[in-house]
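In the two complexes below, subunit A is the common chain; its partner is subunit B in one and subunit C in the other.
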Partner chain A sequence: MNEILQYTVQGLAAGSFYALAALGLAVIFGVLGVVNFAHGACYMLGAVVSALLLQNFGLGFWPALVVVPLIMFVFGILLERLLVRFLVALDPLYNFLLTFGLSLVLVDLIKRQYGVSGLPYTRPEILSGQVTVGDVRLPTFQLFVFAFSLVVCVLVWLLLTKTRIGMIVRASTERPELTRALGVDVGRWVTPVFGFGIALAGLAGVLAAPFRAITADMGSNFVIILFAVVVIGGLGSVLGAVVAGFLVGLVEAFGQAYAPTFAQVVIFVVMALVILVKPSGLFGREESR
Partner chain B sequence: MRHKTTTAAAAALSGALLLAACGQAGPTAQTGEDELTDGKVVLGVLNDQSGVYKDLSGPNSVEAVKMAVEDYKAEYGDDAVATEIEVITADHQNKPEVANTKAQEMYDRNKADAIFDVPASSAALAVATQAKENKKLYFNIGAATTELTGAQCNKYTFHYAYDTYMLANGTGKTVTEQGGTNWSIIYPDYAFGQDMTKSFTTAIEGSGGAVVEAIPTPFPNDNFATFLTKAAASNPDVIGSMQAGGDLINFVKQYNEAGLRDQGIELAVGLMFITDINSLGVDQFAGTTFTEAWYWNYDDENREWADRFMEITGTRPSFAHAANYSAAKQYLDAVQRAGTDDADAIVSELQGYKVNDVFLRNGEFRAEDNRVVHDAYLAKVKDEASVSEDWDYEEILATIDASEAFRPVEDSIAAGCNLGS
Partner chain C sequence: MTEPKAASLDDGLVVEGLSAWYGEARVLNDVSLHVGAGEVVTLVGRNGAGKTTLLRSVMGLHKHQEGAVRFDGTDLSKQGPHRRARAGLGWVQDDRGVYATLTVEENLLLPPVTGADAWPLERIYDSFGVLADRRAAPGTTLSGGEQQMLAIARVLRTGARILLLDEPTEGLAPVIVQRIGEIIRTVSADGVAVLLVEQNVRFASTVAHRHYLLAQGRVVEHLGNTEFKERREELLEHLGM
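Right after this comes the complex of A and B.
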């Protein structure tokens, strides 16, 4: 019983990274129709930038939670302005190739500059311990990661459903022509939404910094699982991305516990099953565009 | 083609060396050239120039080999047998097939007399086969498999630095004897991880301990939380991690996260390089025990060499860097003693040779299996408070004598090594 609780918390903590990053991926896909393969690299950049801020400016974990997403937001805006926007009108494959190439470039640049063995990061003292529930010891950090990302996901959800900005973004996603006809400048929202999606990947990176190895390659495996998450949740579905993120985290944790060497395979088995039963994903709409 | 070539003249930077090089261009050079195959000695460094092993060996091992060339020239000056020495390098990307092609290219086309380093066991075994077929020398440093001195040993392949037996024997035995009797081992499920687990189990059981659980994990993997919970559930004294590189860093971060040390479960690491400690930060590793082949701050001799290395590379050397230097220097010295770079002559010169240098303490090129034995060290990562300068991370707890640090000759032979003929 105790182990079950531990595995669950571990799964939800691991799922938090997937949920946050997949949320960014879903938002970008929703508005631009771009499958951003560089998302794993952006997650990596989030972690690397937090390590560099700590190393060079003594900026710790807490301020990094705000500063790094802002930096990544600007990075995303530049990316959209300078590269992605020129390919949006073409076959989606072009942007897929662009972002894939971009991720290779980013990873190699980081390797070149900071080597392959990773950057050090100090854990925030307050999150270092464990919380005892009954006779189970749960790492504070895992609980924090889960709670924090849940709050962020809910905030993003509220932003999209309850605010005027969210309404415009959703309208631009679902019926761009109609929205434009109603006098809304759809193009104006594309760039910040892309930046926002990248910022979410960066945020996942900040959360990973104290907890995982900060290396140039940390996003390469991550992005593959991320795509499984997005497919399971339904491409472009915000709720789907979040639910599937946590779900995949749980599948991974229990897979590791009961079928260690197959832990990653299990995720893709789940993905295959979902595609078989519901090709548009758990929360995806039937393709209408 | 990613070969960088360095001519003898370019390597000789200092004034004194330049003079020596000029001298060689004169009539005296005549004496040496007849004894050199292809008129020069070519040293090939074949390793990972861009991937996971780049920092612990990689380009800086090439620099280390160049240091050896420089030292050889300074030492022998006009009397040098190797009048022209070229250092070439290639990236094998840790892939056995690339290593195989590159090694063939080095021996065949670039006329390499010896190849150095080659991390990743599968790649190393491929190069060993090339060495055997081409009858040229190969000094393995980067790879850990005992196959190189076992079933797949050959006359032209020397195994330097470390191997899985030496790591397991050092860490497994010592930690068990110090009271860490019950072990849980977590290992990546591929050749290296399985080898290490086997060697550790033998060492632990041989010292009266027990492996209560051995848990395989995917590779690469960034989430070890669940594996750690499983391992801790059997209440071991020690968790042994056989992970390497980025996976090891993930592992240690999450071991700390789970607070297992506070529960009295210690951490022992199968293979660790000083570059790992540097990248994770010493506080996360503090207290971890592991076996070291060489440590830069161990004594004055090491330190002096490490200072030179730092001037050139801007970083402190790992044991792999020092071992590459030593292997290249020992090779060149053997050329000097033999008066030729003929591979068979060098092999007979080296086999049975006993030597001390900056890397090899009580070193011996064992004739029976081509294992190069030397003192090894049991190290412990310091607390952050006791670190006095950058890279000063290790406390050497014990020196393991060369005669005990490596697999006994009988075992190599029992494993199928027959240098015979």
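Right after this comes the complex of A and C.
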């Protein structure tokens, strides 16, 4: 029983990274129809930038939670303005190749500059301990990561359901052509939404910094699992991104605990089962695009 | 049915020499037509004659096209879809285009208001009671007829100066078809133009002033409504209906 609670918390913490990053993918896909393969690299950059800010400027974890997503937002805007935008009108394959290539470049640049051994990061004192629930001791940091990402997910959900920009993102996800033909200037929102999606990947990276080894390759495995999350949740579905993110985190944690050799395989078995039963994913819509 | 005032050619929608392609295949061939303010004009033709492509080209959605599209004297030929909508074109696509992820009210509020005679939400809800009752429900939970009302109401709320309706009566019950006829007559009386793609020749003859017959991407006939009614049997045969 104790073990189950521990693995659950561990899984929800791991799922937090997937949920935030998948949310970013979903909004980007919504307004651009682009699947950002550089999302794992952006997650990695979020963690690396956190480590560098700490190392060079003594900027700790708490300010990094705000500063790093802002930096990544600007990075996303540049990416969209300078590269992605020119390929949007073409076959989606071109942006697939662009973002895939970009992630290779980013990973190698970081590797070249900082090596492969990983950057150090100190966990904030207050999050280092454990919380005792009954007779179970749970890592404070895992609980914090879960609670924090849950709050962010709820805020993003409110943004998407209660605001005009959210309405435009939903409309454009569902019927991109009609939304333009109804006079909505979707193009105006493309750049900020892209930046926002990248910022969410960066935020996941900040949260992971005290938690995971900060290396150039940390996003490479992450992005593969992330696409399993997207397939399970349904491409473009915001609710699906969040639910599948936490679900995959749980599957991963229990897999590692009870069948460590198959932990990764289990995730893809779940993915295969979901596709068999519902090809568009748990929350995907059949006719979207 | 009252005849609209004689319109100058700068008034309303003017399409000149419009051609469109799907790959190598030419689906519209040098189509020219005109719809004046307050006029109801139908495009009649068999499936595959190019009617839907014509509306999509007018909206700027069909990329591979040539020719001129003007509205109220403004050249829209080089403009993207959202600029054409803002110039006063209100497109209602053939599958109605109701958003499942938006509520009924959000469906109505999504397009920006562009015209002076935009219907306020209250007028929409007065005219379409069912939309008021279901305003918080997801758009696609409405019945087919209700979705058609929603799709038309949505462009009326923007104050569009011309409605481009793609088979609005298809598959709907007679009572709904009648209601759509009433709406078309109401907006036409307000001075809004209507370009109507229609397979239902009887319905077309009850609402329209003029008719263009489209066959294999060309305009083959241009008829006033009186002549259209007289030649109905012949036209039905021509259309294979």
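One rule holds for everything that comes next: the second predicted complex is superposed on the first by the 282 of 289 C-alpha atoms of A that agree within 3 Å, B and C clash if a C-alpha of one lies under 4 Å from a C-alpha of the other, contacts with A are read in each partner's own complex, and residues count from 1 in each chain.
In this section, a contact is a pair of C-beta atoms (placed from the backbone, for glycine too) under 8 Å apart; a residue touches a chain by one contact, two chains touch by 3 or more.
Given the structure is predicted, the values throughout are model-derived calculations rather than measurements.
Once chain A of one complex is fitted onto chain A of the other, the partner contacts of A:115 are limited to subunit B, with no touch recorded for subunit C.
Of the two partner chains placed by superposition, A:84 touches none, neither subunit B nor subunit C. Contacts of A:213 after superposition on the shared chain: subunit B is touched, whereas subunit C is not.
Once the two complexes are laid over each other on the shared chain, residue contacts for A:252 go to subunit B alone; subunit C is not touched. By the touch criterion stated above, A:6 is placed in contact with subunit B alone, subunit C being left untouched.
Residue contacts after overlaying the shared chain place A:222 against subunit B, while subunit C stays out of touching range.
In the superposition on chain A, A:170 makes contact with subunit C only, not with subunit B.
Using the contact criterion defined above for the overlaid structures, shared-chain residue A:183 touches subunit C, although it does not reach subunit B.
According to the touch criterion, subunit A has no shared surface contacted by subunit B in one complex and subunit C in the other.
Residues of subunit C touching subunit A in their complex: 59-61, 80-82, 84-86, 91, 93, 97, 99-102, 106, 109-112, 114, 154-155, 158.
Partner subunit B is touched in their complex by these residues of subunit A: 3, 6-7, 10-11, 13-14, 108, 111, 115-123, 128-130, 137, 139, 141-142, 210-213, 215, 217-218, 221-222, 252-254, 256-257, 260-261, 263-264. Only residues 167-168, 170-171, 173-175, 177-187, 285 of subunit A touch subunit C when the two sit together in their complex. The part of subunit B that touches subunit A in the complex is made up of residues 50-56, 189, 215-218, 220-223, 225-227, 229-230, 233, 245-247, 249-250, 253-254, 256-259, 262-263, 273, 275-276, 278-281, 283-284.
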